[in-house]
């Protein structure tokens, strides 16, 4: 009886792997390892500890020991991230069949260090986002509360990290990083989007910011806002053409209320206010008020 | 002082358990163990590793060792799931007071093996979902990116697993499994729903697919789409009658844009397009376009 | 080469901590420790095990040993929570520079014990929420299924815990606790809100209940409902004035369907029904039906 | 290259399992699970927490909550041990090919409960061992120090647990339990040995107490003492005959100094003193002094 | 049936705790927490990482980041150890009923900082022990090998840490620390013993160095050597008088070969060689050779 | 006050790292990582699971799935060990300053694969050791008991693994592996020793087998036996000359009883019996009996 069970499990195993050549199972070139979502999670948490020390990670920080904690977390994050970027390069390489990862190790090191050199600037911009959330929300009791628990800060930390990687040309990894934040906060920001300083999102669940969106400074969104594509051109095989600018441009000082949907490569002029639940598919001039 | 604290905690403990006979605390029949959400989580992650080896779990897969990893994960998942299905049967039994779990052990084994025999087919259908997501999204760089990070694939994996269990008659467990995905992705698919091949959900947050929904092949949803019930008949005690078909039928090749809400046992004819934010409570014929 | 890398990482560390005096990095008074989100998570899970024993935590509960398990979890939760409340007091203290935490240890003990004395009542109210979810959803097979997997019960457990802390004057910690549930369920309830018995939320993703909302008994919400602020007065420096009543009052027996948005200090009269996707910014009398 | 490596690893795997039918790999009857050393370790640590609450496990014990902690640990230990005893019975069964485990589940339950009923007595005897160590060692500052760190107490706890199991007829498990203590303390006591109250071992490393040894009350050993077999009769196949009494009898109030070796079924009369490094292979009368 | 089991377990729990007033169960004064062996283990491992960075703990140390790692480990070890020393003071206090821990918190801080100020000197002396092991053993390939795997270095690290604590008057904790090393290495050094520089122990299993032993510089022991007490005076109640000098003095440059036993307050003169298995109970002059 | 503490800890950190250039802190060449004792422990446990599947690691092995478990463990062990061997090569390289690790990666791969190809033979020899222990000990109830809990089998597994690595020229790593077993069992076997088949050690604590020992087949040792060096020649600087044959040769079928000490490059002739506590420094012919 038990032997029969064991035999059936073996048959199922064999059925499952017999499909291993199919499209679903891919592997990096040259027998390299696959990226690990688990380790990327750990890496992003280390970066969060580096950017907001004391809030995340060690609780006993003071002026004397903060350097030690940041230094150790930076060293750990560096080694972990370099390995994952290397794997990302190898994985991508398979897909496009090009020669770019000739020296993956070397390239991964350069990309990782270039990314780390952006960290002080990432920290600075995130501090403007904290400021914007604190000033814009009557329920916020302190900057500390904003850092500890506002989902927008969590999502923006992941996004700003991932966006710098995307600008450096790191494949795959940035998208995995923003999807972690999507899962935790319900805020879906594509790492390709461009977002200015003092950006805030209230509540956040259901916000979607598409790949080619461009957002200015001092912009505020509420929950459920979508900056999406209206349609996208197909190639001759009926597949969507990748990489075309197809999401909105939102200029400085715009406020967009809950559940508003803005679709296509339209421009929301500076200082405009878009009301809740509104559906916008054409550009609006500066200082407009668009209500339902 | 400390003694007083200890005494007050003891009193509170006693107050809390004195309500143990109330409706909130239930236990399986015959002193059996309760299902464990923690172990079900572990089980579903093992199934994800079996279906998408290399992407989840071990990073060093190759053609020679893939069988070992799949075989080990299958063996582990089998033992864990069988025990949870057994507990689910016992738990259910209490609720309805029937005799079905006379031989729970035996029944659990049969259900578990029957479910495992569906795994190759579940893997095949999920590969069509990956294909649909890749082809339908200009932001998708590779099939691998889709598997690694698209929330729809995560939610559909849980759903397709849970749906097969539901069809076999496994109580309680499938619902716990789809709610895990709901928590992680904001996509709420009831395990009782029926969904065809090449199904895709873009972004996903806020999607609700109700228990008696029926969805064809090559259907695409955007974030915030609801396939819900309009109302439900009450029995003579004022409680909703369970199990009545009350959610939409969506035929092949339908696209439903963001935040659209379709309520009741209506049919969206094949090839139709439902616009964003639209509210539909009546059937529409094939190839319709419903816009706000 | 490696030496160069090490030196660059050291420079980046120094750049990062040279901004440590900035607004982003704050620390509690008197060198006290920061609150720990990790430990708060553990504490809330212990409270969940205390309130719903058997469903969460140990699976082998029976009438004889339930007291042991509840007693141990209560003792653990007490020590963990007292320490976190103490840290919360010290953290808050820094922010407002007042003298309230003169004897933080003592104050934290009192607050923690006062909170624990509310636990039996919290458990009782949550059992009414379970009842409401079970009765109101034709897809619910048993009370157990509701406790095991309904996101609303998870979110309400965190909210009801956090709300009692807020009433006692515990700073920061309650908000961290409700945001944990927001992340897991997409349901964002501010701990300051007041919510009656037999409250239910179906599906839940995207629900927002603002800080000064007041909700009666037997109220039911669907996914995506917002009880928000319409606008808020600014002080002379252009910052929002904190603490003003600015969210809706929802009286007994109201049902609000999916994606409805109710903004401002309006009153939804008892027994009213607010339809899906509706936008309400003015009060409605009892027994109204507001549809799109 | 990497493919070649993968292929060689596969070949080695196959070579390794092709010897699976050999004597080294055995498995329990009827496809039952093997005992788990890891889980036995966990179980013994739970028993240590039950016997010496506060010293091991939870640090916050007081008169009010001690019952909760002991009750929870007892419940956990009971389930873990019952399963391991069941597996031990099945494993043994294979070896001797008899019929004793016809109803292994039932038998394991009985044995486990019988063992648990001995726990209060085991605790009482261990308290005499603590007393003996405290009184006999000028370096012992408190009873607490003895419990916290004397290796003899650790080894005797494992032994006294394992000995009761051996008396009940539990196979395999007791020996695994005493070998855990051997590894941790260098004190090797066979679970079959019989040892009276107020027993102490100073330092302990290298002590060996053989399977059929019998030790009275108030006996004290120093490090490196061996109570061993001198020789053992062989059966006609040249294998040692199992189960013959072949180790010393040490009567009440005997002291045996460091590195002394006592071999064979000899009797060390009550009140005797055996000097360090002495080699004894014949019985000595009561109150003897045997020096080098 | 299961109910009966549950009831019997409850009875056993009650029997076990009804003996809680007995000698075996003691608790610190004022409801303070018990010391935790687990946390002391973690603390000692942190100290090992501080003393031998790179060998234990993080593997990626270099000249730039070593300060970060040492600083973080020092900060962690400081908080953990201070708490354990505080608990040790409270525990001891109960035993002797004195007033010394009036301000345990304050006293623990002072003791901990005083101990930490000895760490650089402890590191320096341990480096002489490493040197002695390397020079004295033809099997040692490098200093690194000695640090990585010689049990004597592990035991001496624990001893030298514990000895400094003992000198500062820390109760209980030092003994727990040396017993950890005893368990891991079979080398039993009492923290009260005094040991000079360049000390080495080859192989080590079975070595015992008693509480009042005094050992000079450049001494070498082999496995199984005992520096023990010959006898100890009893007080009028028949209990050993604590704290009397009763173990050997071993002067500089002495070698003691395997299994030699030296008992009582005798002096082994500088430069002497004691042969293997020899039994010494009287002093020997400088440069003696004592062989069997 | 707290600031002062923080400052003093910083000063101590700086004192500790200012000695980083000293002999105690060494690092591998070219900024490579240090070997990790933790990961080597994990690796050895994987090898133990490969050699004795079912006894260690997974408990649910059967004829169908054994290949999966062995294959997965082999794959994991291969990657972990290769990395540690690479680090060992780099570490060694620093020490001796030679050029051997020009291509460490490549060399490590070759060494690791060569070692893995020995695994089937290591398993075969270990099965003879199991047989010897079972046949030679009247207390052994089954082969399974021997594998589960005899310390000699644990120590020999580590030794036989480490010895093969030593023969291949792997530096440092083998010594770390045998010292793990020394710590766990009190049996200290240098990986350089040569040991034949059907080898057994009873009880084991205190056994020492030196680097250049040579042991034949069917040899049995008891606890406390030393095969050591009598003396070793010094070079002109007074340091011991490394690598000279200085430990005993023990021929086939020899039995050496407890605590016997055999020193120097002497030969114990085949079939001899060496009594307990005996001290041997000269060769003895075949079939001798040497008693005290």
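As written, the chain order gives the labels A, B, C, D, E and F, with residue 1 at the start of each chain.
In the analysis below, a contact is a pair of C-beta atoms (placed from the backbone, for glycine too) under 8 Å apart; a residue touches a chain by one contact, two chains touch by 3 or more.
Predicted model, so just to flag it, every value in this text is computed and none were measured.
S.K.: Quote the value, from 0 to 180 degrees and to the nearest 5, of the angle by which the CA atoms of chain E must be rotated to coincide with those of chain F.
M.R.: 120
S.K.: Given the two chain pairs D-F and C-E, which is bridged by the higher number of C-beta pairs in contact?
M.R.: Most C-beta pairs in contact, of the two: D-F.
S.K.: Using each chain's Cα centroid, which is most distant from the centroid of chain C?
M.R.: Taking each chain's C-alpha mean as its centre, the farthest from chain C is F.
S.K.: Validating interface symmetry: for the copies chain B and chain F, is the fraction of residue numbers used by both over half? Same or different.
M.R.: same
S.K.: Using mean CA coordinates as chain centres, what's the chain A-chain D distance in Å?
M.R.: Centre-to-centre distance between chain A and chain D: 56 Å.
S.K.: Where the CA atoms of chain A average out and where those of chain F average out, how many Å apart are those spots?
M.R.: Whole-Å distance between the two chain centres: 49.
S.K.: Please tell me the distance, in whole Å, between the geometric centres of chain A and chain E computed from their C-alpha atoms.
M.R.: Chain centroid spacing, chain A to chain E, equals 51 Å.
S.K.: Quick check on chain F: which residues sit in contact with 2+ other chains?
M.R.: 2-3, 6, 9-10, 13, 31, 60, 62-63, 65, 67-68, 70-71, 75, 186, 205-206, 224, 259, 277
S.K.: How about chain A: which of its residues touch chain B in the complex?
M.R.: Residue list for chain A touching chain B: 5, 8-10, 12-17, 19-20, 22-27, 31, 33-37, 87, 91-92, 95, 171-172, 175-176, 179, 182-183, 186, 188, 190, 192, 205-206, 208, 210-211, 224, 226, 228-229, 232, 239-244, 246, 259, 261, 263, 277, 279.
S.K.: Show me the residue ranges of chain C that touch chain B in the complex, using the header's touch definition.
M.R.: 50-56, 59-63, 66-67, 70-71, 74-75, 78, 109, 113, 116-117, 119-120, 123-124, 126-127, 130-131, 135-145, 147-151, 184-186, 203, 205-206, 223-224, 258-259, 276-277, 292
S.K.: Once bound in the complex, which stretches of chain D touch chain C?
M.R.: Counting only chain D, the residues touching chain C are 58, 60, 65, 67-72, 75, 79.
S.K.: Would you tell me which residues of chain D are touching chain B in their complex?
M.R.: Checking each residue of chain D against chain B gives 2-3, 6-7, 9-10, 13, 62-65, 68.
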